[in-house]
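Paired with chain B in one complex and with chain C in the other, chain A is shared by the two complexes that follow.
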Partner chain A sequence: MIASTETGPALELIGLTKRFGRTLGVDRLSLTIPRGSVFGLLGPNGAGKSTTIRMLMGMLAPTDGQARVLGIDVAADPVEVKQRVGYVPETHHIYRWMRVGEVLGFCKSCFRKWNDQTCRELVELFGLDLEKKVKHLSKGTQVKLALLLAVAHEPELLLLDEPLSGLDPIAREEFLDGVLRTICERGQTVLISSHMLDDVRRLADTVGFLYEGRLLLQDNLDTLLASTKRISATLGDGCRPTQAPDGTIWQRIEGREWIVTLRDFTPEKLGQIQATQGVEHASVIDLGLEELFKDLIRGQRVAS
Partner chain B sequence: MKWLLWKDYRHNRIILLLGLGFLLVPHLFALYALHRQASQSWGMQHPWQYAFGVSSYAGLLISLLTIALIAGSAIAGERVDRSAEFLASLPIARRTIVASKLVLVMTIAAVIWATDGALFGCLAAADSPEMGRLFPDWQKGLAMFAAVGLAISGIAWLFSSLTTSPMLSVWAGMVSPPAIIGGTAYMNHLFELRMSDDQLGLFCAGICLTLGIAGFIAGTWYYLRRVEP
Partner chain C sequence: MQIDPHSHVPIYLQIADGVRAAVAAGVYRPGDALPSLRAMAIQAHVNPNTVQRAYDELEREGLIYCRRGRGLFVAEQGLASAQSVTGNGVRRALEDAIRAGQTAGMSANEVRQLFTSALQRVTQARSKQP
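Let's turn to the complex of A and B:
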């Protein structure tokens, strides 16, 4: 088991900004992730998730702001950060001409620590052929190899950028239940960016939503799901609400149906809606992470 | 560092095999020519000296392409197939990465000089009449080879560090000596500087040396400063 003796957050981003010419990739992102937590970074394509993770790995220079990983300033000592962090990128560019065994030997030579037993177990679990060249591996097997490389040096922090895309459901299950769950139980910190919200729901204790480089929301997942509700109200003929209630994430009116997704839901807020002129009936609907994600993004798109 | 050197050697294996071919093929031609003309000896006292003198000279000449290929692909070659991103995710200091690539380029240059350079030098120094007729100023020729080789590799290295295209880097390296020599000759003519051939050669060699060294320094400096792979 690897547990850092150091205190302080695992990740600390202070006004992290990245511009690509005129395009803003990440916009003054400030975020703190405590040690031992599993953080799900969610957002649509182009939200800035991969850019953020690449800056955390010291593979992309921020335009402004600072990133501290395990207490280390990434810009000052990227090599030490990489020693202590496991990284699975969205796309894999492992040397295609290397054999799997050579990749393992090459990577082992780069790290101070390398757990041969973990490595062997994962080689067996994933069914990797050490003699096979990377270019002859299927996409899914390349993902497995990348996951193995990310965990074999027993990192204190795992940065997973869409790690499971390309894996078949069985391999995904094996990794989620077998590997990631073990890591989470060991108290290692994990930051996982994924479109597969079910996977994030199973693992993450905290989530953050990125949209156009900005952090829209960050909260404990259970608290967030408990406090965010969708309210379906029936409106009287010809009635339309004049004002969105406080904490509205997204709303839609279709015929006589008014649907509002609210943050920080309280029974008082339901009372307010019920008291709105023209509302005949209102009911509360629980939201899943996927619905919350969709409503949040829709709300932002309408706002912008 | 050992694994990095191994990786760089394997990553550039095709270029290295090509370079080995460039070194060997002229000598194989020389052997073949000697074998065919064995009974006539080309009317020379030491035909083998002449044959291997010419083949080592040809080997040096075409090995300039090997130097350009290896220096031009050293950094950009990993960017173009994006394996540089994998390398960048590993805890290896950029100075170690660049040092390994420099060692590879220098080793290739050393092998070329230790084989064809040394062979040509020895045969030319033996002072045979045939070699004397063909290469009257062989010392200057060798010095020019060294300067041109340095310019080609330095410029290719710089472009390799700046761009993601090995082709562009190799092209820039190969084009630089003709551009320097042509440019200097043109300036000589345009400004009526009246430099002799020797002076012109010395001047070009000086520029080639300077640009080559500057290319290596600037390319390395840029690579070390860069954060992105």
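Let's turn to the complex of A and C:
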């Protein structure tokens, strides 16, 4: 039964919804992530990223819809999901009273699979002291230990929930090295939610933007950045254009400058802006991931 | 290998540019091995698939070649290839600068004067280096 699921997508969400009282934490989220992909889940605080990941781990029951992880219906078999998925939660609660070596032994006994060599390599890479108690480790070292525990049982999918926040640059780099090693060695499928857009840019091949529980867009990262542009147009006196081209995600007029951020940019769209009444000239500006992220959110705030 | 994650330039192109620059500067010479996918991914802190894409691009343009089971090596014509592609990049950068000047309303002569003085300044600064 397990073998038959190994070719399907790593993750398949079908109308996944979570309601907390009157608020929708996650709103009809549909998403498919193929095996071998590194997916960056982006969105402002409270967008529903952690809620989504916790539903994927079977730690939170969806109000509606379904999550299939490695072909398994999470609601039907959450234990099997935990065996086959590695998870680094936002706030981890590794047995604080145990020594690092004891935690490793305990976790090894919980999983069907355990790779001692990976474990040794990461202990060395992260400079973990097996004799130290978990509660005496720095925050950065605890997160690295959490990553070790998440990958040593050779998961088919690695879920990283905002793992990098609050880490110093060195700890962040070591953590990312650990993730990169498993990607290099095993073609690891990864879903990472993060605000650290630079790090997501380095790791991810695909990104999705969540906002108020809804998936605003999902695309290959290079394609998205290549096809999203900001156009800066200079306006004649008293001119207030109202019509922006299709695919506008955000626009603003400030004094004589009209700024339009566009998806699926084409020269025709630039032509359309240049031909708008009152526009003197317009030029195209390339966008980085961070600017794109901000413009998407600004556009949503204006719309709501 | 320096990667700028803020840049809009795809990371695989940044890696390809970095390798070309290293070949043009003689860091890697014809016949030298390039870092493996894994080594480059970890060194540059990027996804190995991205490195693969960069290496594919460099192989297509003849800068590097693959020896099965042995890895990737700089081709004999690698240096010439790196210089010609780097030349394309320089041309693009100059064109961008000219367009920026024109948008600001500069004449061709003003742009030419700026270019000449910038060239002088950079050349002088370089010749003063030990």
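Simple rule for what comes next: the second predicted complex is superposed on the first by the 292 of 304 C-alpha atoms of A that agree within 3 Å, B and C clash if a C-alpha of one lies under 4 Å from a C-alpha of the other, contacts with A are read in each partner's own complex, and residues count from 1 in each chain.
What we mean here is this: a residue touches a chain if its C-beta (ideal position, glycine included) is under 8 Å from a C-beta of that chain, and two chains touch if they have at least 3 such contacts.
Since we're looking at a predicted model, the values are computed, not measured.
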### Query
Of the partners chain B and chain C, which touch A:R201 in the superposed model: first, second, both, neither?
second
### Query
Does chain B (first) or chain C (second) touch A:L287, or do both, or does neither?
second
### Task
Using the superposition on chain A described above, determine whether A:Y95 touches chain B (first), chain C (second), both, or neither.
first
### Message
Under the stated touch criterion, which partner chain does A:Y87 make contact with: chain B (first), chain C (second), both, or neither?
### Response
first
### Task
State whether A:D222 touches chain B only (first), chain C only (second), both chains, or neither.
second
### Query
Regarding the shared-chain residue A:C107, is it in contact with chain B (first), chain C (second), both, or neither?
first
### Summary
Listed in rising order, chain B residues that touch chain A in their complex are 2-3, 6-7, 10-11, 13, 81-86, 88-93, 227-229
### For the chain A and chain B complex, residues of the former touching the latter
57-61, 75, 78-80, 82-83, 87, 89, 91-98, 105-107, 109-112
### Query
chain A touches which residues of chain C in the complex?
3, 5-8, 10-12, 37-38, 41-42, 45-50, 103
### Summary
Per the touch rule above, chain A residues touching chain C in the complex are 38, 173, 176-177, 180-181, 183-185, 197-199, 201-205, 222, 225-226, 281, 283, 286-290
